[in-house]
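The following pair of complexes shares a single chain, chain A, combined with chain B in the former and chain C in the latter.
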Partner chain A sequence: MFAAAVVWFALMGTSSPTTQADFVEVPGGEFRSTVRSDAGDGPRTVTGFAMSRRPVTVREYERFVREQPQWRRDRVPSLVADRAYLAHWHSADAAGSDVDPDAPVTQVSWFAADAYCNSIDARLPDWAEWEYVAAADATRRDARGDSSWRARLFDDGTPRAVDARVDSPANAYGVRGLHGTAWEWVGDYASLLGNADKRGSNDGDRLQFCGASGLSFANSDDYAVLKRVALLSAMEPRSTLGNLGFRCVRSSP
Partner chain B sequence: MLQGFLLSLSLLLAATATAGPALPGDSVYNLPASMTDQSGRVLAWQDLRGKPVVVSMFYTNCHLMCPLIIASGKALQKQLPQDQQSALDFAVVSIDPARDTPAALAEVSQQHRLDNARWHLLRPEARDVRTLASALGVRYRAQPDGSFNHTSVLILLDRDGRIVARSEVDGLQPDPAFVSTVREHLAAPN
Partner chain C sequence: MIRASRNLLQYALAVALGIGAPVVVGAAAHDASGAPTQTINAVLTAPPMVPPPTNRNAPAKVLVELEVIEKEMRLADGVTYNFWTFGGTVPGSFIRVRQGDTVEFKLKNAHDSHMPHNIDLHAVSGQGGGAEATFTLPGHQTQFTFKALNPGLYVYHCATPPVGMHIANGMYGLILVEPPEGLPKVDKEFYVMQGDFYTEGKHGEPGLQPFSLEKAIDEHPTYVVFNGSEGALTGDNALQAKAGETIRMYVGNGGPNLVSSFHVIGEIFDKVYTEGGSKYQENVQTTLVPAGGSAIVEFKADVPGNFVLVDHSIFRTFHKGTLGILKVTGDKNPAIYSGQQSEGEYPEPAGAKAKAKGH
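Up next is the complex of A and B:
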C-alpha cells in the first residue's frame, strides 16, 4: 500500500506534459577529468547535484518564449543571439509541424540557454558536472576505460550518436541523451581553454590571467571529449548551431 | 487625488526620459542586471547609459592583475585632455560578489584615490556575473584556493553600451593605441 502510494506520487510528478523536465539526483564523487585544470590532472571532487533527465525540448522552449517574449527570435537583441537563433521555427513563438516537439531544442545561444535555466530556478551544468555524468554508459558510472564505448562517442552530435534513438537506454544515473544528436552548452564553456591566441606564450597567459594559466588536456586519448571541448570553445556566447542544445541542473540544497 | 495623479504622471515622464530611445541590439545594456556601488547605492547596469564608459571586471582579493587594471585606467584618465576627463566614466564590475561588499569596494576606491564621481566599482548579483562576463568577452574561472583566473581588459563602451574597442591590460600604462581610440571617440560628435 505504502509502496503503491510512493509510485503514484512519483508518477504524478513526472506525467504531466506541462511540468518541467524532472531532475535526477547525481551523487557526488571523485572524478578525473579529461580536461586538465589549473589544479592539475589528479582526481577532483564533484559535489552532488540534480540533473535534468533529458535535454530541454522544443515544446519546453516554446513555452519559455511565450512566457518571456523578449526571447522571441524577432525581439531578441543581437547581443545575446545570432541571426540563426530559432531561424528554423515556423514562427517567432511556434516551432511548427516540421519540428518534433519532443526533440532537443537547438539553434539556441548560450545566453538563451542560461536564461531558460534561470527561468526554472536551475542553471547550466558546469563542464565538470556534465563530463562526470556523461562518463557513464547504461551500466557503468565511468565507462571511459572501455575503448570501444569511447570510440562510439565520435558520433556525438550526429544522427549516428549512441543516444540518438528516442528509445536509447538511460545511463547509469538515469540520464538520457548526453551523447545524442545534439551537443550541449555548459555554463563555463568559455573558460574551458585558455585564449587560443595566447597559447604557447607563457608570458601572455600569465599576464592575461590573474593567477595561473589556462587549461590543457590530461588525457589526449579521449578524442571525442577533446572534439566536444574544441567545438564548445570555438563558440561565442551569442552563437547557435543546428545541433547544439542544452539541459539544466540544480545545486543540491 | 489630483496630486497623486500628477505625481504618477511625473514619475512616468521621468521614467520615459531615462529610458530614452530603444537600445541598439548589440548594446551590453540589453542585459538586465542590478548592482551596488562602492557607496552602497543600488543601480541598474543600464544606468551607465548616456556617457561613454571604460569597463573592466576584477575582484578585490587579487594582488597581481587587478591593481594594474585600476592603475592603467587611472593612467588613461590622466592622458586625456581636461575637458574629456569629465566626459568619460569608469566601471569595474566584480566577479566575486560574495566577498566584494560595498565596504570592500570602498576600500579599493580609497586605496587608489579614485574619483567617486567618475569611477563606479560595482557588485552585481551572483547569478549575473557570468552573463555580464560573457557579454563583455571576459573569461574567468574560480580556483580551488579562492582566487580567480580572469582576462584583464579595458573595454570602451559608447554612450549606448556598444563595444567600441578593447585592450588587454599588461602593465601600469594603457596601450597608446587604445588611448588614441578613446580620445577620438570622445572628440567625435554623437
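Up next is the complex of A and C:
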C-alpha cells in the first residue's frame, strides 16, 4: 500500500491527481446513435477525444474530497447532492475498509462528478462520446449488430455485468468498465430528453410514457441502451445512486 | 401498511385475528367538499390470494403502498430468472378498492434495484395511468392520487422504457375496483394471472436464464405460465375448494405478447364478466383474456375432483407451463357426474376381418 502510494506520487508530477497516462485517445468517426437527436437519426460525426481507461475510483474520489473539502458529504449543499451522497462512506473524507478503494466511486451527484472532472482538467463525456466508445467489444469498435453482445449488456448496472469480472478485457479502444456494475453519468444526460426541464413540461417526458417512448429511439431494439437512457433520464443533477459512477474525458487539443 | 401474508397459513391467521380486514387509520368529519370520511390502509395480497371485500357503503381515502423489488426467483424446476416485481411476487400484489374511492398511491423502488420503474394502472383516468407521476429511482418513492371512477378488474404494469422488457420480467398485476354495492358474495376468491416469458435457454434448460429480446420480439415465449412460474398452482400450491362452494377467479393476463384462452377443464363458468367489465355473459366454456386485460369468472364447484386451469391454446399448456389445479374435495354427486361406470372390450363387428382380407 505504501509502495503503491510512492509510485503514485512519483508518477503525478503535477497538481492533477490523475495522470495523462490514464486516458486513451479515441479516434473520431461516424456513428449512428441509438438515441434520436434533434438532427435526426442519421450518422453523426464524433470528434476524436481522450477517455479515461476506467471509471473514477473510490481512492481517486477520496483524494478529491480531501483536496476540495466543499465536496465532503457533511459540507456539500443539498442543492448539489442529495442525502445519499457518499452516505455509505465510513466518514466524510474516507470510504473506510468496507469499500474497495479500486472500485468505481458511486453515490455521487452529477454536480460532484462534473466538479471532479474539472479538477483534473477534464470533463464528463457527452452521451454520443460515451455511446460511441461503449459500442465496442474486445475486438470490434462497433459490436452492436451482434445480438449476443447486445444481450449480455442487459446486465449493465448489476453485479452480473459484462465488465464486472476481474478478468474482463479492455474494449477495442483500450477502455474498461463501460458495461460494469455501475452506470455512468454523462455530461449532457438531461438533453437525452430534448427538454431542459424534464419534469412538468406540457408534453411531459416522452421517455416516461409507454406509447411515445419508442419514438425517441433510432433503434428501438437496443434495449441495453434504452435501459441506460431510461435510468439517466430519471436522474436530477443532484441525484445519487448506489450503482451510478462516472469517468472523465478530455477534448483533443 | 397491512400486508397480507405470502402464505395461506399466515393469511388465515390474519383473517382469524381480524387484522386481514381493512384497517381504518384515521377518521375525519365529512367536510363540505364531500371528501371521504375515512382513511384506510389497503390490504395487499400475494397471488393466489385476494384481499377481503371492501364492505363499505361510502367512498374512502385508500392508501396503497407498493414496493418494486428486482430479484431472482424460480421460473420452473431448476430454472431461475431475474424477475422485476411489484411487491416481490409475479404477478404483483392484488389491490382492492371501491368505486368512488380516492386512492393515494405510493410507489417505492427498492434500494438495490438497478433501474427506475413506474406504474401504469388501467384503473386510473389520467395521463399515463400514473406512469409519469411515479417514475421512481432506486431507493426513492413517489406518490400520486387518483379517483377510482369506473368499477372493474384492471391490469397494472410498469411503463418505463424499454416497456416490453419490464413487462416481460413480470411487472404486472391486478387492481379491482368494486362497484358501490360490491360483488355478489362467493365462498372462495382467487387471483390467477397469466404471463409469457422469454429466455435464452430452451424450455427446461436449467440455471439462471437471461431474457431473450429476440424471442420476445418474435413472440415466441419459452414459458407461458400462471402466477409467475411453472407449478405455481399445482401440487401443494393447487387452489383448494369444497364441493358446493361458489368460486370467483380474478383472471388477468400480463402478456407481454400472448392473449389467453382461459378455460377450466370440467367446469362451465356460470358467469364471466367479460374483459373485466360490468356486464356478464353466462354459461361460458372458454373466455378470451387479452394481453393487458382481464376477466372475472364465477362458477359453482358442483362435484369433487381436480379441475385443471389451462390456456386452451393448448400446446402452451403442455409444453410451456399454463397449467393450474383447482382441487375440490367433498362428497361425490353421481347425479351430476358418475365417474367411470364400466370398462371392457368393444366387440369387433361380425365379418369385419374377412372383409378386410378380401380387399
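The definition used in the following text is that the second predicted complex is superposed on the first by the 210 of 253 C-alpha atoms of A that agree within 3 Å, B and C clash if a C-alpha of one lies under 4 Å from a C-alpha of the other, contacts with A are read in each partner's own complex, and residues count from 1 in each chain.
Definition applied: a contact is a pair of C-beta atoms (placed from the backbone, for glycine too) under 8 Å apart; a residue touches a chain by one contact, two chains touch by 3 or more.
Since we're looking at a predicted model, the values are computed, not measured.
When the shared chain is aligned, chain B comes close enough to touch A:D188, but chain C does not. For chain A, the partner touching the most residues, choosing from chain B and chain C, is C. Contacts of A:M235 after superposition on the shared chain: chain C is touched, whereas chain B is not. In the overlay built on the shared chain, the residue A:A84 is in contact with chain C alone; chain B does not reach it. Using the contact criterion defined above for the overlaid structures, shared-chain residue A:R150 touches chain C, although it does not reach chain B.
In the superposition on chain A, A:Y223 makes contact with chain C only, not with chain B. By the touch criterion stated above, A:N243 is placed in contact with chain C alone, chain B being left untouched. Touched by chain B in one complex and by chain C in the other are residues 207-210, 213-214 of chain A. Only residues 23, 25-28, 30-31, 58, 62, 64-66, 127, 130-131, 133-135, 139-141, 143-144, 147-152, 168-170 of chain B touch chain A when the two sit together in their complex. Taken in their complex, chain A has these residues touching chain C: 84, 147, 150-151, 154-155, 157-158, 183, 204-205, 207-210, 213-214, 217, 220-221, 223, 226-227, 229-231, 234-235, 239, 241-243. Residues 111-112, 114-116, 118, 120, 127-128, 131-132, 135-139, 159-165, 200, 210-214, 217 of chain C are the ones that touch chain A when the two sit in their complex. Contacts from chain A toward chain B in the complex involve residues 38-39, 77-80, 110-111, 114, 118, 123, 187-188, 190-191, 195, 207-214, 237.
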